[in-house]
Amino acid sequence: MTQMGKGRLEAFSDGVIAIIITIMVLEIKVPHGTQWEDLLPLLPVFLSYVLSFVYVGIYWSNHHHLLHTVQHVTGRILLANLHLLFWLSLLPFATGWMGENHFVVLPSVLYGMVLLACAAAYWMLQKSIIQAHGPHSTLAQAVGKDRKGSLSLILYVVAIPLNFTRPKIALGLYVLVALMWFVPDRRIERSLAWFDSANGGPPDAR
Amino acid sequence: MTQMGKGRLEAFSDGVIAIIITIMVLEIKVPHGTQWEDLLPLLPVFLSYVLSFVYVGIYWSNHHHLLHTVQHVTGRILLANLHLLFWLSLLPFATGWMGENHFVVLPSVLYGMVLLACAAAYWMLQKSIIQAHGPHSTLAQAVGKDRKGSLSLILYVVAIPLNFTRPKIALGLYVLVALMWFVPDRRIERSLAWFDSANGGPPDAR
Amino acid sequence: MTQMGKGRLEAFSDGVIAIIITIMVLEIKVPHGTQWEDLLPLLPVFLSYVLSFVYVGIYWSNHHHLLHTVQHVTGRILLANLHLLFWLSLLPFATGWMGENHFVVLPSVLYGMVLLACAAAYWMLQKSIIQAHGPHSTLAQAVGKDRKGSLSLILYVVAIPLNFTRPKIALGLYVLVALMWFVPDRRIERSLAWFDSANGGPPDAR
Amino acid sequence: MTQMGKGRLEAFSDGVIAIIITIMVLEIKVPHGTQWEDLLPLLPVFLSYVLSFVYVGIYWSNHHHLLHTVQHVTGRILLANLHLLFWLSLLPFATGWMGENHFVVLPSVLYGMVLLACAAAYWMLQKSIIQAHGPHSTLAQAVGKDRKGSLSLILYVVAIPLNFTRPKIALGLYVLVALMWFVPDRRIERSLAWFDSANGGPPDAR
């Protein structure tokens, strides 16, 4: 399999993620009235937009760090990347359904399922990159046991059924995972920093 | 005709394809109810979205491989590329019409016709690139007889009228062509790998 | 005024133009019926989409050639570029109004006015680039008297009032201007080819 | 914290800003009638679109200048950038609500609040870049006391409550701030020009 520039993979992913993050705002429909009360029904839609904006922002930022470690793009990485973009593209729908229905049970369950699918797809992308670069690659060593990734998956699996009995705790867990990832993945950054300093410069510094 | 950077051609194509793949999801309208039954009517829309997502993803991926071989961009290549983007831009409409009408005959026929037009446009783009680079270019040798491309065109031409008599087989053929292209074009990759190794590195490695 | 990379100017313009060309397709609303007759009312919308797609494609292609000649980006060029993007962004609205009303008088007049404004804005962008690079720059010499640009402006000015008396000829003039620009601007290409060959390579070849 | 290419940060921001500037035009709904009178009700929507287009264009242009000074991207800069994009993403909603309601009080107040939030987020992004590069960096010296930034914040804070008593003056202040920023930030340009000439070339010239 030949080496290919990762520039277009990044550009296409940036484009899709930028559109996903922006079309979610279209779910906040302009109200007909002109009083503050007319904005009130939009509050749950707005809050779910904020949560999803943070999630998509985190995915973009982590994707940025992840692809930073890629040396060559294989067909499998292309597919794994498209797979991740597919699940991310369902977030606007899930966000709209949850927000417009004030976080009732089933829409919140679906939202959690889409988040779970995104996390699993991200994990698979990470796996396919490690596989292409070998167990001694920068990424493989940086990710290590990937405790944060595993913890996210577990928290989603716990939160999804919790929506039926303790919906507020379930939502709280969605927010918790977002907060947990808010800071860019320092493990990768730290390992890369070491790699860069040992090699005289970062691989993709321009 | 002067040599021009292909960077903007790729960037513009990436932008258009990223938007096409993402606005298709807007056809999956947020339902008013909050039960699983309210999602059920969306299933055909969702399935047609999945199929079109895979198709657009394949086109993006193959476009990525195809432009990888381009050394210089001519006016004819620019036009052939716009022509391909035009037909791809009609996929969201065809997808929506087919999905919302549960894969009935005419919308499925139109969907196949748009797929056929995209495939023909892709073939023309490939042709215009080969023409600009000569019969001994990397791409010309990599594509060779282009059996997979020809087979796709034949399968579409068979599937379109089949919608009137055997609609399920017709749909199956649409899915089959997608599966057939799912793997990036190894002929091009293999030939490029040879070309790269013979020249010390890939042409667009950065 | 400092030299600035034109990379982001191109990237942002590509993004906006890619979105403009793609959201126009959203005006072709998915019909409720599933017969060919249900597609018939969409024909004028489709035809106006084709015309506008060609126009936006031409603007993107010419913009590509124009910025190819830019050596440094000034504040004035940034503004002139935003001004062009503003008028292009009104094309989807004008296209939709004209198409949905089967090319009746006033929507066709407005369409012509938006085309005229785009052409004038493009002329101003060209002017600002020439001004920044001096009368002996590649672009200044390539454009020369800019007969094609002036002719387009004249044809729009003729076509707009013609909508009131000879609407078909007016529409024919819109199509004629599009055809006239279909081929990338060979004056610029030829001059650049000379420039490139005299300097060992194109300025933005990567 | 490792050095990272700022290319993707720019590309993603360009994508989001390009989409924001373009989806605002979707608020100008195609009217059913075909007379000039049918366009008249769209005038306030159009005017608010023009104002927001200018604002988003200014933000893109200033963002372009600001990131020009960035040498390395930290996690904090990533977050501050996402925060700015979040508030900019609410502009289409605020623009639509203000325009469709003919600039009545509360929508105009909300519009001002979103502008204020964008300005504050921009200020925070600027701060985080200065913090990452040190008080003696090009940007820190270029921005200096940032009188124009502070003045904008003050004018928004004055204009927002003015909507209740002197709505026309409040709107006038929104326009005034836009005009004030219309010209790219010459302080940054001047300082960079000096920096570039002292170093033989701009840092990101390609």
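Think of it as A, B, C and D in the order they're written, each chain with its own count starting at 1.
Quick note on the criterion: a contact is a pair of C-beta atoms (placed from the backbone, for glycine too) under 8 Å apart; a residue touches a chain by one contact, two chains touch by 3 or more.
All of these numbers come straight from a predicted model, not from anything done at the bench.
Novice: Enter the angle, 0 to 180° in steps of 5, of the rotation superposing CA atoms of chain A on those of chain B.
Specialist: That rotation is 90 degrees, given to the nearest 5.
Novice: Where chain B and chain C touch, do the two copies share over half of their residue numbers, giving same, or under half, giving different?
Specialist: different
Novice: Quick one: point me to the chain whose Cα centre is farthest from that of chain A.
Specialist: Ranked by distance of C-alpha centres from chain A, the top chain is C.
Novice: With chain centres defined as C-alpha means, what is the inter-centre distance between chain A and chain D in Å?
Specialist: Centre-to-centre distance between chain A and chain D: 26 Å.
Novice: Using Cα averages as centroids, what's the distance between chain B and chain D in whole Å?
Specialist: 37
Novice: Go ahead and note the Å separation of the Cα centroids belonging to chain B and chain C.
Specialist: So the centre of chain B lies 26 Å away from the centre of chain C.
Novice: Tell me, which residues of chain C touch at least two other chains?
Specialist: Within chain C, residues 11, 15, 18-19, 23, 26, 204 contact more than one other chain.
Novice: Show which residues of chain C lie in contact with chain B when the two form their complex.
Specialist: Residues in contact with chain B: 10-11, 14-15, 17-19, 21-23, 25-26, 28, 30-31, 34-36, 39, 50, 53, 57, 60-61, 64, 68, 182-184, 186, 189-190, 192-193, 196, 201-202, 204-206.
Novice: Touching residues of chain C toward chain D in the complex: what are they?
Specialist: 1-9, 11-12, 15-16, 18-20, 23, 26-27, 75, 78-79, 82, 85-86, 89-90, 92-93, 96-97, 100-101, 104-107, 110, 204
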